[in-house]
Structures are given as C-alpha cells and as structure tokens.
C-alpha cells in the first residue's frame, strides 16, 4: 500500500499556492482518502454574460477537486499533472454557494481517473449543475512539478 | 443565409458583461465570421500550484472564445448555451501572454460545435498549450438567456 | 410527467434494428426506467491488436446503453440522437463476458446526459474497464429519425 | 530524433491482428508520418436503429486511425494504449464509403494526443460526419502490450 503521508497538510499547502483558487475565493472544505471538496460563494466576478457561474470557473474548481482527490492516493514525493478533462454543464450555475466534489474512479501508479460533480446550494435542495471526468498523470522526478 | 447583424458590437457588449473575463484581465482581440480570439497576460493570480496557468483559467478563455465564435454565426435574437466541452492540456501554461482561439467546426440551427486552441506567447514561437472541443445549443425564447 | 408508453417493447424493437449490435452478438439484458444494460461474450472478432476488447466495440455498447437509457425517459413519438460522448479506458478489456450499463444523469426535454460503465466478467469480481459520458438531443418531427 | 523503423510494415501487421477492423471490413489505406487513414464501405451490419453508421463503429475506426498515427511517431520496441477519447457526431453517418483520418496534434515520449476526422463519401463532396480527440500513453516493457 502506498504511504500517502499526511495528505491533508500536503494538500492544504499546495492548494494555498494556487493563485487561481484565491482569485475565486475558494476554500478546500474537505479532504478524505480519494475525495476532496471545494466551495465558494456566488460573486458577480465569477459570471458569464447571463449572470450564471462561468463554465470556466466551474471547470477550475472541479479540476482542482479532482487533482487533489488524486493527491490523496499518491506518495508525498510524486506529483500530478492533468492530461485532459471533460465538463458537462447540466443546469445554469445559479445559487448562493457552490460545492465541487472530486472523487477517484480509478487509482493508478501512472494514470489516475477522477469524476467530479458541481452543486448549487441555496434555500432548497442542492442542485447538480455540472459533471467532470478528468485523466491525470503521476509525475516523478520533474523539478518544475513538485507538490 | 442567417442575418447575423453586426456581430462584432453584439459580441463586445456580451463579452463586457462577463465578470469572469474581467477577473482574468482578458481582452477580446479578434472577432471574425466563425472565429474569435481572446488574450491576456500572465498573472500570478491565474496559476495552479506549480505556477503554470490554471487549467480552469485556460478552460474559461477557450470556452468563451468558442461561444463567441458561435455567436458570429447566429441571428441577433437567439443565444447560445454550452452543453459540454473537453480540454486537452498539451504543455504547461508558461509564458508572458496567452492567446485563445475558438473556431466553428460545425455550424447549425440547433447544435454548434467549435474547436479551440490555446497558445503561450513569449520570446520564441507561439507554443500550443491546450485544445478544446465544445458543443453548444442554440437557445430561443428563454428570458434568462439573452445576448 | 411524460408518458413513456411501454418502453421495454419499444427499446427491444429499436435494438433489434441495430445491425451493429447484431454484429457484436450483443443482447439487451435489462431495461429499467433510466437504466439499460447490454451484454456480450468475448470473441476474437471484437479485439484490437493486443487481443483486448477494441475500444470502439466498448464505445458501441456503452453508447447504445446510454441511448436506450434515454429512450426510457421520453415519449414514444420522439427520438434521440447522440451529440457526443467521451470514453475513458480504465483497464484492458479482458474477460469471458462484458456488461455495459447506461444510466441517465440528467433527464431533459431537449438535452439528456447519461453516464455509462463497462465491466469485464469472469471468475472473480466484475472489473470496471471503461466509463462514458454521453450528451444526447431529443428529436421531434424528423422523418429519418424515428424510434 | 526517434528511429521509427519501417513504420508502414509494423502498422500493417498490427492492423492485421485487429479482429475488430476485419469485422468492419476496414482497410488501412494510408500511413504517413503522424497521419493514418482507414476506409470501409457502408454495410447494414454497421448501422444503428435509423440505418446510419453506428457511433461505435465510427469510434472504432477513428480510434484505430489515431492509434496508428501515434505508432508512426514511436520506436518499434514500444507500444501505445489509449487512455481516453471524445467523439462529436456532426452529421448522420450516411454514405457509400467512409474515410477516417487520424493526425498527431501533440507527439510525446509519454503522452500523445491525436485528432481524428470521419467523412462520408458518395456522389458529392466528402461530408464531415464526426471528430475525435484521443489521448494515448506510450507503453514500455509490458509483455501483454507489444506491437
């Protein structure tokens, strides 16, 4: 079994280095083995032309949740690069807050595949607004890709 | 043939309503029939944990370029919603400036498909850093989706 | 609520018209509201160059399962066309039999999104070999696309 | 520069081992550096329920063209496994013959990305019916994945 070390500390530090997550006002609210959640509040700066959450903002949060879900399954001295992802926009991104969950579908020593789900949260029940599938590569020994 | 009206004005106004494009410091630098370009400069706020351009930021710009490329092919009184897109990250997002081009692969009265390419621009030749394929739906008569 | 009629009969008849499913030796083994399963046995004619199940064969079965899962949610007088799908190949397609399940993630009157999973079945536990996300369009009034 | 050996012979032999390509009646009609074409004639056994070419059949041919396009860029002693692909269905698969072209968008020693295009060929101009983007992994030293 892989010794993933104290992945929570590691992930929080890495998340803290992401300028883009800071720009979105995003928080890492949950990090379990093979599952990570990110949340942020609605803000006008995050919108597309109709006032919905921008698809790229949804992608940024889902892709980050998927990446850190992968980090929870690898050793501390290796890293992750995303090869590709696909996003389906299922409902307009309207809501007070948004939650993004990434979960590992297929762990691996070379390729890791994760699925993500984005939810709008308001008064009523959480609404599924988007889904992602992401393929990632485990990176060893590259100095520009650490942590 | 569809009367697309003065699509440049229409697209610039719509682009100007996108909080997310403003947040990224993005400019709409070109709008031709079936092809749109967006550009912005590197900024630390746009990065992932290794200091490269965040995949979600790349997605936001590519998806916007693809969407407005679709706008150039439709009548002024209809609108576009993105159904889904896929992004391949081809090289790390390093560079001084970035250019994002969206082009229509398949126009249509119901479904429009576009392909996008992202380039890092610096001293040397432009470097292809990502590609996107995006499927969009033409929307008529929905009051919350106009322009 | 949509009256989906006797969707099982409808789906079996439509499935029976698919030359490609006959070619694969595929059977429709389950059709529930929003969920359909297809199965077939391993055969050398279904392989790629390493003797594994061909990715296109996996796609054919997953796409068909997703499409008929969509059929279970629509009225008998409309039809479905697939806009696009993405397949992740998670493990080599080795096994005695294969099972392909399509499930509706997002029903809709215009766009329907389904997720599919493919499993290899042999002596041990079923092994997940592939996943699909598929976007489909509901078609009304087109004479060449019925049933 | 990689010595790709006599890639044409290598690809033809590998293609000849694909049960699925034989089943489709497919021929490898062109193999150039970073570009491969596959063709076959329309046949009722290749159809979905409306009589169009089945999306899975389109996927099988496009994925194979993309894979062999990748083979033309690698050394003879390594192999290729497809990680994932996405297909957009742009027009119904109607025609007398079909041509599938795979081209390398991003070569690499670990990950290779290809784009594919499928065309229906009949009396008039060739019609674009589908596009694919495929991500592949270069495989070294795995005994079950050779050639």
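When the chains are written out, they are named A, B, C and D in that same order, and each has its own residue count from 1.
The rule is short, and it goes like this: a residue touches a chain if its C-beta (ideal position, glycine included) is under 8 Å from a C-beta of that chain, and two chains touch if they have at least 3 such contacts.
Only a predicted model underlies this, so the values are computations on that prediction, with no experimental measurement involved.
S.K.: Counting C-beta pairs in contact, does A-D beat A-C or the other way around?
M.R.: Spelling it out, more C-beta pairs touch across A-C than across the other pair.
S.K.: Give me the C-alpha superposition rotation for subunit C onto subunit D, in degrees, nearest 5.
M.R.: Roughly 180 degrees of rotation.
S.K.: Farthest chain from subunit D, comparing Cα centres?
M.R.: A
S.K.: On a C-alpha centroid basis, what's the spacing between subunit C and subunit D, in Å?
M.R.: 22
S.K.: Using the average of all C-alpha atoms in each chain as its centre, how far is it in Å between subunit A and subunit D?
M.R.: From the centre of subunit A to the centre of subunit D is 32 Å.
S.K.: Using mean CA coordinates as chain centres, what's the subunit A-subunit C distance in Å?
M.R.: That gives a centre separation of 29 Å.
S.K.: Quick check on subunit B: which residues sit in contact with 2+ other chains?
M.R.: 83-84, 86, 88, 113, 133, 135
S.K.: Please name which positions on subunit C make contact with subunit B in the complex.
M.R.: For this pair, the touching residues of subunit C are 83-84, 86, 110-111, 113, 133, 135, 137.
S.K.: Which stretch or stretches of subunit D touch subunit C in the complex?
M.R.: Answer in residue numbers: 14-15, 17-20, 22-23, 43-51, 54-57, 59-64, 79, 81-89, 92, 144-147.
S.K.: Could you please specify the touching residues of subunit D with respect to subunit B in the complex?
M.R.: Residues of subunit D touching subunit B: 86, 88, 90-91, 105-106, 113, 115, 128, 131, 133, 135.
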